[in-house]
Amino acid sequence: MQEMMEKRALELLADGTVNRVLGWSVGEFPYDMTPAVFRSAEDLKDRFVYNDFCGANLSKYLIKESKGEGKILVFLKPCDTYSFNQLIAEHRIKRENVYVIGIECYGKADVEKLKAMGLSGITGIQMKNGEYVVETVYGNKTVKASDATAERCLSCKSKKHVVFDELIGEDGDVVEDCNRFDMVEKLEAMTPDERFAFWRGELSRCIRCNACRNVCPACSCEQCVFDNPNSGVAQKAAVNSFEENMFHIIRAFHVAGRCTDCGECSRVCPQHIPLHLLNRKFIKDMNEFYGEYQAGADPDARPPLGTYTKGDREPNEGGNK
Amino acid sequence: MEETLIPYAGIVTKITGQTPDVKTFRVEAPEGGKLFEHKPGQCAMLSVPGVSEAMISITSSPTNKEYMEFSVKKCGCLSGWLHGMDEGQMITVRGPYGRPFPVDDELAGKNLVFVAGGIGLAPLRSVINYVRDNRDKYGRVDIIYGSRSKDDLVYYDEIVSEWMNTPDFHVHLTIDREQEGWDGHVGFVPNYIEEVGLNPINTCALMCGPPIMIKFSLPNLLKVGFDKTQIYTTMELRMKCGIGKCGRCNIGNKYVCKDGPVFRFDQLDELPGEY
Amino acid sequence: MPVTEYKPKIVAFCCNWCSYAGADGAGSARLSYPAEVKVIRVPCSCRVNPMFILRAFQRGADGVIIAGCHPGDCHYTSGNYFTRRRMTLLFSMLDYLGIERERTRVEWISAAEGAKFSKTMNEFCATVAALGENKRLEDLRCKK
Amino acid sequence: MKKLSLAKLYDFFAAIAAKEALYLPVNNEVGKAEYKRWSEGVELSHQLNTLRSAKDFFFPQTENLMEFKMEGKKIDIIDTREACDDFVIFGVRACDAASFDILDRVYLVDPVDSYYKNRREHGTVITHACGKPAETCFCGTFGIDAADPKGDITVWDVEDGYVFRANTEKGEKLMAATADLFEDTDDKAVKAEQDKVREILAKMPLADLTTEGVGAGLTKEVFDRPEWASLSESCLGCGTCTFVCPTCQCYDIRDFDTGHGIQRFRCWDSCMYSDFTKMSAGQPRPTQLERFRQRFMHKLVYFPDNNDGVFGCVGCGRCLSRCPISMNIVKVMKTLAKGGNK
């Protein structure tokens, strides 16, 4: 895969179709790739990498990059194309300045899962035949690749690219029975007390680092309300439970109907808070109340919060048990 | 010394409008007198709880034993609030912070040139009045001060009635554009520096004003013979703690609130160009 | 010792064109509603940002109610339709977080419905009083 | 050196907790270690390190400084500081223990930060030597020995128990108070454990990381390096690295209107945030490049400049595993070391 991507990127750079390539550059370890813009063939050959640990959604960088000089090549996984499409719909990306290569994806790996197995001192990971041979200073261990699949990929909603200029690999389909609302349903089935206890436990760990917001492709405001000194909520305090509740409820609300469920928020949370469960609740509610809607699937569709019907359900009716 | 970040409460006993957007606030302790002593060029953290806190230079001279004064230009959150309040209001003050102008060391016995633009005269006024009150310790004094218009010259009355009448004080005022009722010099401060005829020998220059003025004034001071070791300026950056800990005003290995705000230009050369 | 009755604090966001007048109507008809209800006038129920509701709870409210024009009667044509969707989602989210859903409410009250205004506020107050103090969306700093 | 048998570890915890608060790393609901207060039944985590650093104990994320009561034109200032009770932190790793020295160099130099000093004086630090370092560890780069951490007391895991060594008066006192739990021992078992760990450390991928190209006196050279542009390019400007960092010490001071007064508090802030240096008059660091550069310049050049060459990083590796885009100080250092004479 990496070879094919690199080859195609070199071709497009050489023939002048694009002048930059947005991809991933090598890390210190086999699993810590950094998104990077490559401007020359030498740079690509030197640093470009793609493997199972390249999980970052590159579409957010295009808000800035697509406004630069010339066309940029970007590699998007199926779920990333939804974010890209949504940003197109919101006029945040200049489509004509981006050349999208869709890349097939069968789920990304999460190094935290390997570490949770007790693997430490990782010096190399050989990936082949659905297995990872993890080399560590404490000895090697072979694990099934599926055991290291990132949580968000286990409930992948779509392997279909909703937008691309060309594809490398196969295009897939929307996954009908992705079970992504299982945990939301489980929570809904709990008593309010249990739900409260669950969320208090999770949200109380928040350190207000803003990683979830800054990585989120839907959080593309020029100035976030939480950064606006005149908003009255620009407090950086992580105290007293209220601040975290406020931040996460409002953040989820602000991206409701625009969140494509890419899962970046939960991936980047340094405190491992399952933030996607907040977004998925909104998605599930909107699906149930206002009809199936997938943000990013169709840039021309009316978002649920941007429209209404006369017979909408009443707020007091309630949704959970 | 221990620092608690806890301020004093002071009463604003007098508010004087200097220009359309600059007011001078006289602050006294509730029991009368000054809240604390300071040296020329030092700053204090002014605050209205619930509004904001900001570092403001103390514009009154330490020789003033009755009160402190702060001149504030209306441009932000706190300054806007201060401009809207009435006399008798309490505000909180903590300080003094920063290193002062070396009035008793390097500047003692020297001729002095003050170069200021707009509200930049505020920190220098503390030095100027200190010099006036210790007149025999310093030589000739030249003050080059410019502003956008006559109305934007701060302390205009004081300049005319007191500074201009101090022995061996030479005040050179200028405004950016021609204006009715103004028969003085018209032009920008940097150019005026070359015109007034300064003698750099045994002289130190103290400069404060908008970045653009500093940028063009420095080469002109050098052109008329000053060395960077003879020129001082005072800097401004966002500050929160005032004691070199919160990290905000860090430039290179210096903290503007603690190691500044007064810097000599040869010292600034050692810092990264980030201000 | 007399037991002081617990009085909840209620914030009512009322649309200028209907419910706010409805409150007036309740007054002129000498229909009472609890003094604990603090009315905040808004130009339209859809002016109410979810953040307003959260901040009301932060500042000590025990219940928040939004009163707007009946669907179809919005002074601005469609404002209350958007209110309906937003609040449906917000209330569902609060519920999802384990915050009592009876603490939040949306009612459609026209300018002519003084009686409904009074009845709604009395009922809502009683409901919230039964729940007791807001403990799940409180900000301890704001408690005395 | 004193030895505590495996079975007596929790007796030791109980003995301390009977007198003062004891905090130690505990696995939380998602299986990650974080510091929690010990009480009967709470188990010590066996993970290498906590998600958040230990700096919270002395420099909490949010703390109240004072309160104001405003009445008409009058302001009353209320000092809300309370006396701090003694407390013990158990299980601090060598890197975090070293970070306290770095924080001390900021907060305990004149003028002393009294809030910090108060807590520092009341806290006793029991460090725990690392047994199984991770690939993200590079404390050795900064001269920190994971096998011999500092702190008031140092604890090593040995085959059949724990070996304790008091390093300070505070530590001596604590051990004396629990003396009946301990037996005398020599340093043989500890030496063996240290040799083992040092051998592992030498094999780690970052064992050869050096501070070449950075350090005191290099402000101009490093500041003007062209590589900052590409290094900072994908930085999202979040505060994760600064908030998980044991040595990041910047803070903000803000006011909160409680409805019955104004609370002035301080909270962690991050030089990575766009509003960190923003003034009404302008923004000296307008893009992420300047902000990103500031963080690393501060740790790798400015801090050593002011502190006899001591770096503002302890190599705990938290930013390596927590950065959303895997950009970190190691990548910066390696890039700066490459072709440093450009």
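Chains here go by letter, A, B, C and D, matching the order in which they are written, and residues are numbered from 1 within each.
Assume contacts are C-beta pairs under 8 Å (C-beta built on N, C-alpha and C of every residue); 3 or more make two chains touch, one makes a residue touch a chain.
This is a predicted model, so every value here is computed, not measured.
Within the contact network of the assembly, the step distance from chain C to chain D comes to 1. Touch-path distance (fewest steps) from chain B to chain D is 1.
Taking the mean Cα position of each chain as its centre, B sits at the greatest distance from chain A.
Centre-to-centre separation between chain A and chain B, using Cα means, comes to 51 Å. Centres computed as Cα averages put chain A at a distance of 30 Å from chain D.
Separating the centre of chain A from that of chain C, both taken as means of CA atoms, is a distance of 37 Å.
Residues of chain B found to touch two or more other chains are 77. Looking at chain C, residues 141 sit in touch with two or more other chains. Touching two or more other chains at once are residues 252, 256, 269 of chain D.
Residues of chain D touching chain A in their complex: 28-32, 34, 48, 51-52, 61-62, 132-136, 200, 203-206, 230, 233-234, 236-240, 242-244, 252, 254, 256, 265, 267-270, 273-275, 320, 322, 324-328, 330-331, 334.
Residues of chain A that touch chain D in their complex: 27-29, 32-37, 56, 61, 116, 120-123, 136-138, 201-202, 205, 207-211, 213-215, 227, 229, 235-239, 264, 267-268, 270-272. On chain A, the positions that touch chain C within their shared complex are 184, 187-188, 192-200, 225, 232-233, 239-243, 245-246, 249-250, 252-253, 256, 278, 281-282, 285-286, 289-290, 304-305, 308, 310, 312-320.
Note for the complex: chain B touches chain D at residues 1-9, 49-53, 75-77, 79, 86, 88-92, 236-238, 240-241, 243, 245-250, 252-253, 270-272, 274-275.
Considering their complex, residues 65-66, 68, 70, 73-77, 79, 81, 106-107, 110-115, 117, 219-220, 223-224, 249-253, 255, 257, 262, 264, 266, 269, 271, 276-281, 284-285, 290, 294, 297-298, 301-302, 305-306 of chain D touch chain B.
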